[in-house]
């Protein structure tokens, strides 16, 4: 809606408003499909080996448009009622067919989901979780000549605005990214604190140093998220958390996540990876040995320690934790995209003018 | 006053109130003298080669106390009307004489200042600054049996509260540290932006990457300072910026400062250090060569570029900038002291309980 | 044997020689069992909740000794003919029973292996590997009152030498660690180079910067391993790669590994994690879509790209890669143990004397 | 000579040989002048506001050539007998006049040195050094239509070889850079060890951690320098230390130098910057106070501690140390130039082929 207003096309504003009301009335969930498969990244959409590496309009008539292409890495897509499609990058004049945005029911004709299951380990070797295990699946959504009626088309050919739409989406999306990761990193910090206590190393200087670093990491994300909401900018009628601070927060989160994982792995000990399986714990022949030998700080029972080991394993040394590293690096935009937005949003001119002034040099622009 | 209330001694509360009114009435400036000379850091105050490495009470009578010792690194001390003295660390029961806090006129009998001038370069070789150069001097203040009347004594023997006083002071002091460094780092960022522009390298990818990192550094300090004020804690009647976020901000500032200096040095080029002297610029025989050869981006004159080079030299490659690095590391407490306060203030128990809960382990304390 | 000589006990020297000949004659493989389960790390072996958290002698007679305890994280143990047991840390005088070293057949009476399978994903969802997948298993070895004849006992009660034995073992072990990781990190570098090429981003400045950092990481490990062999020290008759450089190499490897993983994940793209399963590739209904949409640089076929994606997934985003991170942090000693050895081995006195000399201060020790 | 052979011009080979014999016979010192003033770095030599930002040939006749331009940052130039000039970068076909290399006496007609004194502090405030203070000066060398006879011209118009000459020079130059910095960083390490001892903090865990990091830094430089010499490449008849390892060593040195400075500053304490002046030490009124209060570990006298403080000040907190930071960043090429050479020299193809092989993908080039 923000971008629709800027394009100065009343029909787009009207359609986005109608669509928003429709979503609210039906209480529908949406998946946002942005990332194209992209083919050879050194080529533009129009310069690829075939025209479909970026989703594009292949036909249009008085009722609507027909689109073809494929969107990748769409989390939770098959569980949503509707899909909203946005362009993933800036477009040139000869790429107007790629500057397209629309909404469509997830079960429209021509839409295919190729999904993959979550990567968690669920074998009887694994210790049961005390909480229900909920995971997100990821889908590749193929648009095989899908028809979209005009009332659901929000951009079609306005190539100069494609980047604005991608950029505006990223601002919102990145703020949610920062926020939903807060409990994740708090849990990581908690694994480190609990494992240090259970291993009896809480008073080691190097452990305290690592815990301080982990806490600074966590609390900086929280403080930046808070600061972003307290320094909003206005996009038309909508107040948006500061894009500068939001991108800094996301970059801070992503840049140091692996280092935090390393510290938690270090504090937790090798047992995180080499813990005998749950089948051995259940086996009356082997369990007494595990009971006897795998205890730590006597404040906790061996079983409590092993539950914590298994939980920490899941978060720092498993298929799931490896996937979480990938999410950190790529979801809601890679670190390079955050740098691009900081490059645009940071007050470089103010810095420069302050230094020029202090140096006694005239400011020329 | 905050600590006086906690010690539950009405006379201390009364005296601090009176002293505050006195300061306000006279509009006096104070220097805060905390850091002792400390001798051998592996020894406690009472275990040193002589008893004076930490300031202590050597006599007391019905009128007041007599103190002996020396406080170090006291910025701007000789320009202040009064000195307020605080203990620098925790004390043990046998160190009650070291648990002393008081105010005294700077010119009281027995006080000696051994000052050192600022470290700036002021020879005719240097390019003149467009702004007045103001520097801070540093003093070692010797208390050679100085008498302090009881109405100016705020702690005397309450050894168990010494650390609380030091800690409370640090919280306030560190917040000012974070704030007064903001324009300093904005100026550093400005030097980088201006030198990049004048050298014609603003569009180099590695330069943009460095500028983004510098901006993230600067804006994170600002966002954390803001977040600290928006999450205050209460010390009695006084709202204090969050000690946790304040210490994180100071640690962030101190930890990455040298890295930022390195990036500014890198962008600015070797000329920051090898620039011919101002005497050569004034010399009609050499100036034309400098004029001809030392230009950069033609948007600026050679003289403008050289002014910026000299200004940047001062901030990243001079005696002053080296001193600034030291201030960053040591003033308002070293990085280890910030880590100590983060260790105390961070919600480690909350993190742990979250992880225990998720792991299905009972919380026992 | 190195330590046996230093203990000045001819029988130990004799036994180690005999055992070495025996191993050579039979061409047997050994597993080295060092790490105890350790219980509460804030307690010494003698101060634990029960006496078995560190392996110890529970009986001795004219024929040999009986030992009890458990060794953890023993890679490949069940595939070895013999186990050689060493103490894991320094011991005090009251812990003489814990200062014990011996060899025993893996199938001796009282030895129990509790093994865990490797953590790789082997479901039909996974792309087949072009190379045989070989993984190491890890065992917890319980010594449930195991008898060891004197001719296989190499230390028994010489508590003061326990740390020397652990330390000497670590020196050898850590050098092998450095060497066997070289092809692993070369493969990681290769994944980054190949994925960059296949994605068409080899000429992006930030990608080149990451590739340079990855190459520096890899080649520094190689250069340090080489330098360690070229600066050997002598342990009795045996030339040992420089313990200083070996520990630096291991620390360099471990410290930056996660950062390298992050860079490979970044270059490779989100598809490493969200790639549809191999079953979808084999399914004639979905394969054409994958074929059409998941291509990259046309120099390679889609299938070749997906093979590389699957291979890279295995090394940077899978259960195996997460386990590899743990190995990096903990196997052959954690980073703190490497720092301890660098603290012992680095020429700090030489550095200090050079500085004292330059400062004009007399050298007193 | 290496490049002369590759250019396949016998006269250049002949001239370089003759010149080498001439230098040896006279035992002359040379300064190498490479870096041009460069003007606007976003422009090529031929695209600048005037043609002289890069040194170039302005005339040529049967006796020789006439050159104009200016070389910057030339250390020790006025103390050398001859100057040897090389191009600083790659050149295009239309920049053949800039592809010029020659030797000239330092006092040839038209050569002007604009020098700057070293940046050390030498006032009576400073503590005297126990060693003679030797510093390098830096010169800007103007070539104001300087004639060079043909027998001293080693390149003139062979634009395609300009980069090769710069590159070959850099390889040699960078290896000397790595080597001459070794005693500098050993001295830094020594300052940290000595100050830790004198302050009584050698056994603090965070200090030990910093000392280990400093030692790893120093010894990695040494090990890489050694490894570079042991893996030479051949440039024609000359064995050259491995350019890959040399550049890695230089990059390692430059990248972490500021971090090491920070650690030495941290360990040394604020007194490094706030130490009262030498005049106060010589003043009988103030010296007793300094003597009494500025002691540390009683193993050393106060005077010895202050000598060490003054020495450490010089190396980590002075105009000289700030200049040393600049040298680290810029001398013998900036970090970006080292990355460029690592990009060229690292075995990226080998890495890639290993990964392709492991992934089962055919190697196509």
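In order of appearance the chains are A, B, C and D, and numbering begins at 1 in each one.
Note that in this section a residue touches a chain if its C-beta (ideal position, glycine included) is under 8 Å from a C-beta of that chain, and two chains touch if they have at least 3 such contacts.
Keep in mind that this is a model prediction, so the values were computed, not measured.
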item	value
Label of the chain whose CA centroid is most distant from the centroid of subunit B	C
B-C or C-D, whichever has more C-beta pairs in contact	C-D
Subunit B and subunit D, separation of their C-alpha mean positions in angstrom	34
Subunit B and subunit C, separation of their C-alpha mean positions in angstrom	44
Intercentroid distance (Cα basis), subunit D paired with subunit C, Å	39
Numbers and ranges of subunit D residues touching at least 2 other chains	206, 209
Residues of subunit B defined as touching subunit A within the complex	129-131, 183, 186-187, 189-194, 197, 208-209, 211-212, 215-216, 218-220, 223-224, 226-228, 230-231, 244-245, 248, 251-252, 299-300, 304, 307-308, 310-312, 339, 342-343, 346-356, 358-362, 364
Partner subunit D, residues of subunit A touching it in the complex	205-206, 209
Complex contacts: residues of subunit B adjacent to subunit D	35, 37, 39-43, 49-50, 52-53, 70, 72-73, 112, 114-117, 119, 121, 125, 138, 140, 142, 144, 199-204, 206, 258-259, 261-262, 265-266, 269-277, 280, 286, 289-290, 292-298, 316-319, 321-323, 325-327, 329-331, 334-336
